[in-house]
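Common to both upcoming complexes is subunit A, partnered first by subunit B, then by subunit C.
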Partner chain A sequence: MKSKRRFKSASGQMRQIELLAEKDSWLNRIHPLCKFLVTMLYIVLVVSVHRYDLNGLLGMCVYPIVLFMLGEISVTEGLYRLRIVLPLVCFIGIFNPFFDREVIFYIEGFSFTGRIAVTSGVISMFTLMLKGILTVLAAYLLVATTTIDKICSALRMLHVPKILVTVVLLIYRYASLLSSEVRKMSQAYSLRAPGHKGVNPKVWGSFAGLLLIRSIDRAQIVYESMLLRGFQGEFNDMKNQKINKKDYLFFGGWCAILVAIRILM
Partner chain B sequence: MHMADALVSPAVAGTMYAVSAAAAGYSIYKVRRESDSSKIPVMGVMGAFVFAAQMINFTIPGTGSSGHLCGGMLLSALLGPYAGFLSMIGVLLIQCLMFADGGLLALGCNVWNMAFYGCFIGSMLIWKNIMRKGASRKKITAASITGCIVTLQLGAFSVTLETLASGITSLSFISFVSVMQPIHLAIGLVEGIITACVLCFVYEARPDILWGVGGDTVSARGRLTFKKTLVVLSVSALVIAGVVSLFASSHPDGLEWSIERLTGSTEIEAEGGVYDTAEKLQDTTAVLPDYSFKNSDSPAGTSVSGVAGGVAVIAVCVAACYVFRFFRHSGQSGLKGEKK
Partner chain C sequence: MCEIQNLRTEFKANPGQNENDRFFEIDVKGLSFSYRNDGGHSGRTLYGIDFHAHKGECVGIIGANGVGKSTFLKILVGLLDGFDGKINIGGLELNKKNLSDIRRMTGYVFQDSENQLFMSTVYEDVAFAPQNYGYSPQQTEERVNMALSQMGIEDLRDRHTFMLSGGQKKLAAIASIISMTPEIILMDEPTIALDPRNRKNLIRVINSFSQLRIIASHDLDMIQDTCTRVVLMNNGRFVREGSADEILNNRQLLEENGLELPLGSRLRQSRNEGNNGE
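On to the complex of A and B.
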């Protein structure tokens, strides 16, 4: 069943990222706030590159290349995440060569055609695709080296309201729990309806509705347990890691390098 | 409909972050004002539910494809617009971090396109209005489908505007809109049907969970308390007896009409000792003979007769109830004494 496969891969991905983020490497030990700010700066700089400035964008490749190599993180896993973003980016970018036909330069030396004209539409299409790849890889580098708890503590340091951060943490914690429940339900359904693709319309309501009612009951139990542990509306035990010299160095160094690349290239 | 970072410029992303943050700030204020700490775990678990339920593929008959739930509409139908909006932000943030579905910079756009329209427009303008006078399966289906279609259309339109404003595509506005809107019309219809199925199931199983359903409030407003009922009935009785009785027909009623047809008179004349004694007794005791004052043709007599009659009937009924209750209580205490 397609949904079962999808769910397995979703929960598997979450677990895999969690394991990566819990590793004890130098990149994982960098303060989450520094990594978060550098990532945001990098994404802003990448998307601010002009649509025809492919060269400027090539310079921005330095950041992911260096971190993937020094952080010993699998590039394949990072590229696997592109499967969601790239189709949409390509769909929008693919129209550029048809509407934007101004010739920028020719590539000579082709035996059949003699030369190939490269239009501004082609350049902007490649720029857009490269932007998509770089921004996704940057976000992947952040989550692969920082746990959600740490990202949430960084968000708290940026004065994101506690209630929002608490909800994010709760969703993350219960997403894996509910995903295993859905996996069981999907497995039971596929065993009763072999060869069916997806959930039949007749049971749309009861299938997801049952999960919903179970979730609500679970929420009540969770709330009661949290009350017993002294919950008063917000989590209070979010640990704040101290920012060390190496964190400042990481933050300052990357900010300087990225801004320099952006200005110079 | 998740927008990637590559599709937005920093200016557009910043603007959308600002407007989404304003909506989030207002929602936080409203949720905090409720000061219901039980809502936070429910928001978390419901957000996780939407996250999990969006992974289920619902087969669309005859197309070979599948659809999934509309998270914004579902969350706001269960939690209300403010709590639903905050939960949707959480879902979108985790989707963006864990699955690269949407981008960190484009989060403001995605929150606006998917959470804001779904939770505020969908729930406050569509769901709440349709459910104002109570819920039914038809209403839930209509609200879900309309809500999903409208919010997805608005979301798709916003994606078009944000992408064009970012200047990353050479597509014209008309071309882009004519591609985006029809696709999302079909998606909205399917998502609406799936959401309706789930909400109808919830309505059958646990109707108390649904938000914004005015049925209870309306029926509570319509339902009168015992005291209010008594006051309304008393006033009605006084009005009918004191005022409407003046306009009572002088024609004979059904029984009198029948007697008149048989005997030529509306009253049967009887003679004899018993009848004479009874008539004398009635003349002595009747305070308002023939619904009027003695020896007077004043219309006030009819009104007073009506009011007095009504009060007398109520007094007799209340007395009868008290007598009945007295005997029932004494009977029960007797039974208890036997058990001891």
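On to the complex of A and C.
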């Protein structure tokens, strides 16, 4: 039941993000290429911040905060989505205090210990965590305000090879097929195995094999359906959106702000 | 041959043109087909099928499960290759060279509409074919509007495809092929899993089409309501071909081939038997 709920919620979350991306907010209407480029620039700038420069990184928080407001996206929902990657980010940074023990400053005024030494390892741990959170948030903001088709059309505008873009799109399409097959199969399983927690390990093999065959079969039908409607390996941009003044302003404005923060802070 | 070549050239040169004056016929001669596994032959097979259908006609292909109805339709749109025999569609021989032209004039409605709708919204799905065929945004918009209004689902335009009911999905799937303005429509079990109201609505929609329609189904009541000609299949062969009235009222023939009289015919026959008894 637990696994069934998990898969159901995975496909449900994908749909929720799709619904967000379909919204008609000011940020959603910005040209996908501009949003994509700003996101890439932001990620590069965040990653380039020195590992002890916590201040510089705090300045970078401006971007997601403003975008959450412009895109009318729930901050709590965005932070909730981080829960999947957060353990990984923490795991990477958690060993820094053990290896990097150089004391940078002391925090005074603690009654029992007197003062606490803050080592460079602690600073770099927080920096690493913040970098992870900010980059994932930036990516989330991009997908929450831009549909996958638009992101892929932006990639094509950047001359990313057609084959790569098509693979990205098809993986996205087939991921939902896969999750819907898992849902159906686990529903069928749980109806005939009441009281079982998850799928019994004895049937994992046949479950996974059948899932693969069924998913391939469905993916094949979807592909055939695409072929019959003239699909030749490229998804066409739905609305042929043109870059206008507002988009240039968004792109130019954010580039200037982000570079300024990076240099000045 | 030269004339056909000219038509093909004209067709390719004018993607937006409606080719009303073309001969939208299907001509199948000596079609045989086997699903091949590495180990040899398996499953359904078609044997020596001859078939002809002409413009504006609605032909029903009936038969029990697994007799090869879907296989036959899939071969007609080139989804299955490696067949023996000759197939001509709209004056073009079905081969790799002509496949894209044939697919362009042929709309195929899959048995499971859920697999046919793969874009996020109904609009995007219906617009998929016109965009791929190079229509301008304005032409695409017109085609989408036309298809949605023909199906009576204008209100579903911006709805997500995963939020549609079974009946709505079927209508959206048909709209997605109508936007291509096909001259031939192939439907595989179109009424499957539809409730009576949606089924009735679908029958109305099918009857409103002027294109050549070929419907593969074992829903004989629907076939009776939509088709003028019926082909009965069994074990990969065309057993009998005739008018819908002739085939669908022949209890013995249908039962021999794993089917039952449609409800309408059954009622009519029992009424006649009652009258004779009196």
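In this text, the second predicted complex is superposed on the first by the 244 of 265 C-alpha atoms of A that agree within 3 Å, B and C clash if a C-alpha of one lies under 4 Å from a C-alpha of the other, contacts with A are read in each partner's own complex, and residues count from 1 in each chain.
Operating definition for what follows: a residue touches a chain if its C-beta (ideal position, glycine included) is under 8 Å from a C-beta of that chain, and two chains touch if they have at least 3 such contacts.
Since we're looking at a predicted model, the values are computed, not measured.
Q: Examine A:Thr147 and indicate which partner it touches, taking first as subunit B and second as subunit C; both and neither are also allowed.
A: Touch status of A:Thr147: second partner only.
Q: For A:Asn244, select first, second, both or neither according to whether it touches subunit B, subunit C, the two together, or no partner.
A: Neither subunit B nor subunit C is touched by A:Asn244.
Q: A:Arg173 contacts which: subunit B (first), subunit C (second), both, neither?
A: both
Q: Check whether A:Ser25 is in contact with subunit B, with subunit C, with both or with neither, and answer first, second, both or neither.
A: neither
Q: For A:Ser74, is the partner it touches subunit B (first), subunit C (second), both, or none of the two (neither)?
A: neither
Q: Looking at subunit A, which partner touches more of its residues: subunit C or subunit B?
A: After superposition, B is the partner touching more of subunit A.
Q: Given the touch rule stated above, what does A:Val222 touch, subunit B (first), subunit C (second), both, or neither?
A: In the superposition, A:Val222 contacts both subunit B and subunit C.
Q: Answer with first, second, both or neither: which of subunit B and subunit C does A:Phe231 touch in the superposed model?
A: In the superposition, A:Phe231 touches subunit B and subunit C alike.
Q: Which of the two partners, first being subunit B and second being subunit C, lies in contact with A:Gln187: first, second, both, or neither?
A: neither
Q: Quick check on the superposed pair: does A:Gln13 touch subunit B, subunit C, both, or neither? Answer first, second, both or neither.
A: Touch partner of A:Gln13: subunit B, not subunit C.
Q: Of all the subunit A residues, which ones make contact with subunit B and with subunit C?
A: Residues 173, 218, 222, 226-227, 231-232, which sit in both footprints.
Q: Which bits of subunit A are touching subunit B when the two form their complex?
A: 1-3, 6-7, 10, 13-14, 17, 39-40, 43-44, 46-48, 51, 81-82, 84-85, 88-89, 92-93, 95-96, 98-100, 121, 124, 128-129, 131-132, 135-136, 139-140, 142-143, 148, 151, 161, 163-164, 166-175, 177-179, 181-182, 186, 196-201, 204-213, 215-216, 218-220, 222-223, 226-227, 231-234
Q: Which subunit C residues qualify as touching subunit A in the complex?
A: Touching subunit A: residues 77, 79, 100, 103-104, 106-108, 110, 112, 115-116, 118-121, 124, 127-129, 131-133, 137, 160, 162, 176-177, 180 of subunit C.
Q: Considering only the defined contacts, which subunit A positions touch subunit C in the complex?
A: 15, 18-19, 22, 147, 149, 173, 218, 221-222, 224-232, 236, 238-240
Q: Spell out the residues on subunit B that touch subunit A in their complex, using ranges where they run on.
A: Residue list for subunit B touching subunit A: 2-10, 13, 24-25, 28, 31-32, 35, 37-38, 40-49, 51-53, 55-61, 64, 66, 69, 78, 86-87, 89-91, 93-94, 96-101, 103-105, 163, 167-172, 175, 193-194, 197-198, 200-202, 205-206, 209.
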